[in-house]
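Next come two complexes built around chain A: one with chain B, the other with chain C.
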Partner chain A sequence: MKLGAEHLDDLALGSVFLATGGGGDPHVPKLLTAEVLKRTGPVDLIAPEDLPDDAFVAAIGNVGAPTVSLELLPSDDEALIALEAFEKQMGRTLDAVISFEIGGGNSLIPIMAAASRGIPVVDGDGMGRALPEAQMMTYAIRGIPSTPALACDYARNVTLFTTKGTDVYERHIRALAMSSGGMITTVEHGMTGATVKQALIPGTVSFALKLGSFLRENRGQAPALLAPLQALFADSIYGECRLIHTGKVVDKSTRIVGGFDVGNTIVEGFDAGTAPVEIDIKNEYLLARRGEQVLASVPDLIIIVDYETSEPINAERLRYGQRIAIFAIGCPEFYRKPDALNAVSPRHFGFDLDYIPLEQLPY
Partner chain B sequence: MRIGIDVGGTHTDAVIMDGNTVVTSTKVLTSADVMEGVANALDTVIGNCGLPTDAIQSVMIGTTQFTNAIVERRQLAETGVFRLCLPAGRGLPPMVDWPDDIADAVGRHSYPLHGGYLYDGWPVADLDDAEIDKAIADAKGKGLKNFAIASAFSPMNAAPETLVAERIKAAIPDAHITCSQSFGRLGLMERENAAVLNATLLQFAERVVSAFLDALRTRNLTCPVFISQNDGTLMNADFVRAFPALTFASGPTNSLRGAMLLTGLEDAIVVDVGGTTSDIGVLQGGFPRESNAVIEVGGVRTNFRMPDIQAIGLGGGSLVSADGQALGPQSVGHRLTTEGLVFGGQTLTATDIVVASGHQAIGDAEAVAHLPKDMVETARQRMLTILDCGIDMMKPGAVQMPVILVGGGSVLVTGDLQAASEVHRPEHAGVANAIGAAIAQVGGESEKIISYQSLPREDAIAQLSREAEAQALSAGAAQESLRVVDIEETEVPYMGQDTMRVRVKVIGDLAIKPAGAKT
Partner chain C sequence: MKLGAEHLDDLALGSVFLATGGGGDPHVPKLLTAEVLKRTGPVDLIAPEDLPDDAFVAAIGNVGAPTVSLELLPSDDEALIALEAFEKQMGRTLDAVISFEIGGGNSLIPIMAAASRGIPVVDGDGMGRALPEAQMMTYAIRGIPSTPALACDYARNVTLFTTKGTDVYERHIRALAMSSGGMITTVEHGMTGATVKQALIPGTVSFALKLGSFLRENRGQAPALLAPLQALFADSIYGECRLIHTGKVVDKSTRIVGGFDVGNTIVEGFDAGTAPVEIDIKNEYLLARRGEQVLASVPDLIIIVDYETSEPINAERLRYGQRIAIFAIGCPEFYRKPDALNAVSPRHFGFDLDYIPLEQLPY
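This part shows the complex of A and B:
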C-alpha cells in the first residue's frame, strides 16, 4: 500500500498505544513527516515477503530524551543526511528502510526517511512495541551487528560508530544524544532482505494504522472497547487482549536510575472492592501486579489509557488523580523464545520473577 | 468593599463583597457589545448597595471575551512570528499544525532565525544580525505591528528573545510584542503558540481594558481594577494589556474559587450543573487542581495553566429516554424554557423529571402529571448515579469528599450522592463566578531545567522563587504577603542524575490601596 499524509494521524495514535508508555510523543515527528510527504507524495509500504533477499535495508530512528527535545525541534532533513552518510560509508545504496520500534515517534521517522530518499519502508519493526535499549531490538537479538552506524544531530553534525557490541553502541549513542541537545537520528543494523525477514516483527506498521483508525472511530469509555479490541488483536501477531484494571492514579513516582526513568504508579480501583494495581515503570510500563499477583509483565504489552476517551497515556504524562484503564496485550512470538527473553524478560529489568505469558496468568 | 464582575457568553454577573460577605448581587444578559451588560450590572449593584463609590476599594473582572475572540477568530491582528532555534527545526515552521482559519486570521508571517540554547546552556547557534535585520525589514514592509518571539530554552535563557524584541522596537516603535518566556513552561511549539495567541489579541486587549476603565470612571470608580486569570489569580489592568491570553478559562476557575468562599471549604468537589453539561472540578488547598494535558484553545496546542475540569453530559435540558434509563448527553440546551414539558414544550427533559417527582416546583407540574411514577423514579436515580460516577472519578482518593453544587441545574440533585461526605448548596451560588473574581489573589511562577550538581537544590529553588515573586509583584501583589504554594520537581530522563525540571509557584494578596486612593 501507499502511505500518505492522510494516514499519519491514525498511525501516530496506534503507535502511542503500542508504545506501552514510552516512545515519546509522536506529535512533532508526525507534523514533520506530513510536511515531507506533502513535497514527495506517498511512500510505498512494502510487505517483508515482497522484499528481495539481496535487497539492502537499514534500521532508522531517533535516540534520546523526549523531555529535553520539547525545546529542540527536529528537522526534515536529518533522516536523509544520516541515510546518505550511511550509504556512503557502506558503499551501497539502500533499497528500503525499517523502523527501530513501532511504539511512539519512531514509527514515523522511517517514513520521513523513505519519502526523502524515494525508497520503500518495510511493513514491520524491531520491537513490536517500544523498549528502552538498542540490545532489546529483534535485529540485535538475531545477532545482526548494529554498526557501522551513522548519527546526525540538529546541526547536521554526522558521527560514525564502529563499536564492539550492541551494549557498547547503546552507551555511546546515548552519550552523543546527550551532548547533542538530547536527540539524534541514527541509521544502523545494515542487513539483507533475507536477514530482515528472519529478524523483524512483521506487519506492525499496517497494524498500528488499523489500530489507530479503530481508536479514532471508537473514541469512548475503555470497557466498551474491550470486545472489539480483542477481535482486532486476536487477528494479529499479538493475540491475547485483556482489560486488567480500571481506576484512579493515587501515586506516581519516578527517578533517574542509570539514565532511565524508573519508578512505579499505584492505581486504585473505582469500586472499593477491587484492590489497587501497581505498575512498575522503566521508561515503559513493564509489570502490573495486584498485591503479589502478576497481571502482566514485559515483554507482553501493558497500556494505560484515559478511562473516558481511551486515549493512550505516556508514562511522562501519567500523574496523580488521572482516571485510567489498563490493558494488557500478548507479545509477538519472537519475544517468547529464550534468546529474546535473555534481553527482555522481567529478570533482565531487575524484577525477581520469570516471564509468564499473559494467557497463562489468571484473569 | 470590592466589586466582582463575571462576563460570560450568556450572562454578566456582578457582586459587591464586604470582606467575604456578599452585600448585593445581580445577573443581567450579556449584551452584543459586552460593555452595555457590564454597565447595567454595575449600575444595579451600586444602586442596590447605596454606598458612595469611594467605598469601593477595587474592582475584579473575569471575562470570556479573549477566549471567544480566539474561538470565533474575531478581533485578531496579523502577527509576525520570530522563532530562534535554527539550525534545529528546519522544515517545521511556526503555526504548522494550526487550523487554517486561525492561521489565515493571524497571517502566517513566520520568520525562522538562528539562535536559542540547548538544555545545558550550549548555544544552538549564534544570533545572525544580518538575518534578524532582514526579517524585521520584511515584517516592516508588510506593515506588521504585532509580534511573537520564541527561542529554544528561553525559560532558561531569554537573552535572544529580549534582543530581538529590542531590535523590533527600534525599527517599529509602535510594535506590540509578546516574548514566549512570559509563558514559562517548556515545550517550544506550545509556548510559541501561546505567545502568538497573546500577541494577536494585543490591540483588542487595549480596547477592552480601556472600555472597562471608562465604564468604571464614568461611575466615579477610581479604585484599582484587576482581571482574573486561568489559575485563580489576578492581574492588574496594565498586565492584561500585555497578557490577555492569560484570561483563557478563567470562568471555571472563578466558579471553583467562588464555591470555596461561599462554603469555606478548601478541599472539595465543585459541580457546576448547567443546561447541557455538569462541569466537575476539584478544589485543593483552596485552588483548582490544574490539568497537565496539552490544552487546545481554538484548535491551537498551548501550554497554558488550566483547571482540570471534567464535563459530563447531564444538565437541566438533558433528554430522557421513554423508559427513564438513559439521560443525555443530548440536550435541548438554552431552549429548555420553550421545549421542556413543564414549559409547555414537547420534549421530556431532566428538569421535567425533578418536577414530576415532586422535588421542584418549576413551570407547569400538570404537564408532567401523566408520567409513570416508576419511570420518573428510575430517571431520578439514574441522574444521581451519573453525577456520582463523575464525582467519584475526579476525587483524589477513595474517601468521600464534600461536594458543592453551583449553577442553575443543581436542582437536579434530589437525593444523597454516595461519593459525597456532605452536599452544599450555598446561597448566591448563581453568581459564584463573580464572587470568585472578587476574591482572587495574585500569583507568579517560574520553571527551568536545572542540574542540582551544578546548582544545589536549595539555591535553585531560591532562585526560582525570586523570579516567581518578581512576576507576582509586577502583577500587583503585596510583597509581604507572598508565599510559595507549590514546588514541582520532575526528573528528566536520560539527562544524567539530578537533572530536574523545577517549577515554583507563589501567591499573595493584592496590594490594595485604602479606599478613595487613585489608581
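This part shows the complex of A and C:
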C-alpha cells in the first residue's frame, strides 16, 4: 500500500498504543513527516515477502530518553543525514528502510527518511512494540551486526560506530545520545532482504494503522473497548488482550538515568476495594504489579490509555490525576523464545523475576 | 634526531614533569613502545621547520581519566588501528604524527604509532604540557577542525566523529571514553605541515628528553635542583621557574567526574610556620593556593615532585604521606594570549579567578 499524510494520525495513534509507553512522542514527527510527504508524495509500504532477497535494508530511528522528545524537537533532515552518511560508508544505496520499533516517533522517522530518499518502508519492525535498548531488537537477537552504524544529532554532528557486539554498540550510542542533549537518530543493522525476512516482526506498521483507525473510530470509555480490541488482537501476531486495571494516577515519577527515563507510577483503583497497581518504567511500561502479584511483565505489552477516550498515553505524558485504564497484551511469539528472553526477560531490566506469559497470570 | 628505545626513560621522565600531574602513567606505554621500537628500529623526530608544507599530519593520543591508565592497560595496536582507520577515512596516508600533549602516556603513544607505521613524529605538541580537554589544544585554538577523528577503545571498537566545533567533539569523545571503560585512543586534527607550524608548541619532545636526562643525572633533593632547573628552563619556551612549597601530602582525593579525575590535595609545609598549600586537580594540577593566596594557576605549570629524588609524581600516583616539592613554571607565551586564555583560563575550569601570570604572583 501507499502511505500518505492522511495515514499519519492513525499510524501514530496505533503506534503509541503498541509502544507501551515509549517510542517517543508523535506530535512533531507527525508534522514533519506530513510536510515531507506533501513534497514527495506517498511512500510505498512494502510487505516483507515482496522485498527482494538481495535488497539492501537498514533500520532507522531515534535513540534516547522519550521525555527529551518533548523538548529537543527533531527536524526533517537528521534521519536523511544519517541515512546518506550510512550509504556513503557502505558504498551502497539502500533499497528500503525499516523501523527499530513501533512507536509514536519511531514509526514515523523511517517514513520521513524513506520519503526524502524515495525508497519504500518495510511493513514490520524490530520489536513489535517499543523496548529501551538496541540489543533487545529482533535484528540483534538474530545475530545481525548492528554496525557499521551512523548517528546524527540535533546539531548535525555525525558519528560512525564500528563495534563488536550490540551490547557495546548500545552503550556507545547511549553515551552519545546523553552527550548530545538526550536524543540522536541512528541508521544501523544493514542487512539483505533475505535476512530482514528472518528477523523482523512482520506486518506491524499496517497493524498499527488498523489499530489507530479502530481507536479513532471507537473513541470511548476503555472497558467498552475491551471486547472489540480482543477481536482485533485475536487476528494479529499478538497474544491475549486483558484489561488489568482502571483508576487514577496518584504518583508518577521518572528521572533520566543513564540516558533512559526511569521511574514508576502508582494507579489507585476507582473501586475502593481494589488495591493500587504499580508500574515500573524504563522508557516503556515494563512491569505491572498489584502488591506482590505480577499482572503483566515485559516482553508482554502493558498499555496505559485515557479512561474516557481510550487514547494511549506515553510515559513522558503520564501525569498525576489522570483517569486511566491499563491493558496488557501478549507479545509476539518471537519474544517468548529463549534466545529473545535472554535479552528482554524481566531480569534484564533488573527485576528479580522470571518471565511468566500473560495468559498464565491471574487478574 | 632518531628516537630509539634507549630514549624512552628520559622522555617519559621529562614528560611527566611537564605534564603537571596528567598525561597518563608512562609505565605500560614505555614497555609497549620499547617493544615496537625493537621491532621497527628508531623513529625520526622531525623538527617542525623540516616538515614539508604539504605534508599530511594528525594528532594522536589517549583521552580519558588518568587513574584509569593504571588499570585499563593500553596495548600496542589501538593507536595503529585508529591511525589506519583515520587514513582510510581521509583517503590519504599520513606523513607524520604529532602528540596532543606532553605526558607520560601521551608523549609515547605517537612514537609507538609512528614506529608501527614507519613515519616520523613531529618535535612539538598541542599543549606544551598536559591539559584535560580537546578544545584546550593549540590546534583547536588556531581553529583547525578536530574532525574527522577516529577513536579506538581497548576492545578495538572504532568510532568516527564528524562534529561542528571542538567543544562538541570534546563532549562526544569524553562520553565515548566513559562508556568504554574510561580511556580511548583518538587520531584527530588532520592538518598540513604548513598548518602544524602555525599551531604547535615547538620543540617540546626534545626538551622533555633533555629535561628527563637532567632529572636522571641530577637525582636529589628538590631545593638543590632549583637553580639548575631555572637555568634549563631559561633556555626554553617556558617562563620563570619557582619552587613554591615543600611538605607532606596530608590529604588527596579525586573522583571520576564526567570522565575526568577531579579533586584536590593538601600539602602541609615541613616548616610549622608555613601554612598548607592546596592544589585543585582536574586530571592535571590546576591551581595552587596557600589560604586565599594564589601561588600558581593554569595555564602556568604546577609540578609535584618527590622531595628526595625530584622525580615528578602524576596526580593518579599522588598519595597521603608523600614528602614532596611543588614547582611552578610559566607556560609558553602561546597560552598567555587572549585567544588561548579563552579556552584555558582558571574560569574555564570553574574557578572564580582571572589568570595572573606566575611572575606577577607573590611566593
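A few comments on the model shown:
Keep in mind that, in the parts below, the second predicted complex is superposed on the first by the 351 of 363 C-alpha atoms of A that agree within 3 Å, B and C clash if a C-alpha of one lies under 4 Å from a C-alpha of the other, contacts with A are read in each partner's own complex, and residues count from 1 in each chain.
By our rule, contacts are C-beta pairs under 8 Å (C-beta built on N, C-alpha and C of every residue); 3 or more make two chains touch, one makes a residue touch a chain.
In this text, all values refer to a predicted model and were calculated from it rather than measured experimentally.
Looking at the shared chain after the overlay, A:P66 reaches chain B, while chain C stays out of its contact range. In the superposition on chain A, no contact is made by A:D125 with either chain B or chain C. Of the two partner chains, chain B and chain C are each touched by A:R174. Once the two complexes are laid over each other on the shared chain, residue contacts for A:V158 go to chain C alone; chain B is not touched. In the overlay built on the shared chain, the residue A:F270 is in contact with chain B alone; chain C does not reach it.
In the superposed model, A:G321 makes contact with chain B only, not with chain C. Taking chain B and chain C in turn and counting the residues of chain A each one touches, the greater count comes from B. Once the two complexes are laid over each other on the shared chain, residue contacts for A:D280 go to neither chain B nor chain C.
In the superposition on chain A, the residues of chain A touched by chain B in one structure and by chain C in the other are 155-156, 174, 178. The residues of chain B lying in touch with chain A in their complex are 85, 87-92, 96-97, 116, 118-119, 122, 124-125, 152-153, 186-189, 282, 289, 292-293, 301, 308, 310, 392-398, 449, 490-499, 501. Within the complex formed with chain A, the chain C residues making contact are 155-164, 168, 171-172, 174-176, 178-180. Within the complex formed with chain B, the residues of chain A that make contact are 27-28, 31-32, 35-36, 64-68, 70-77, 154-156, 174, 177-178, 181-182, 248, 250, 254-256, 259-261, 268, 270, 272, 283, 307-308, 316-317, 319-321, 323.
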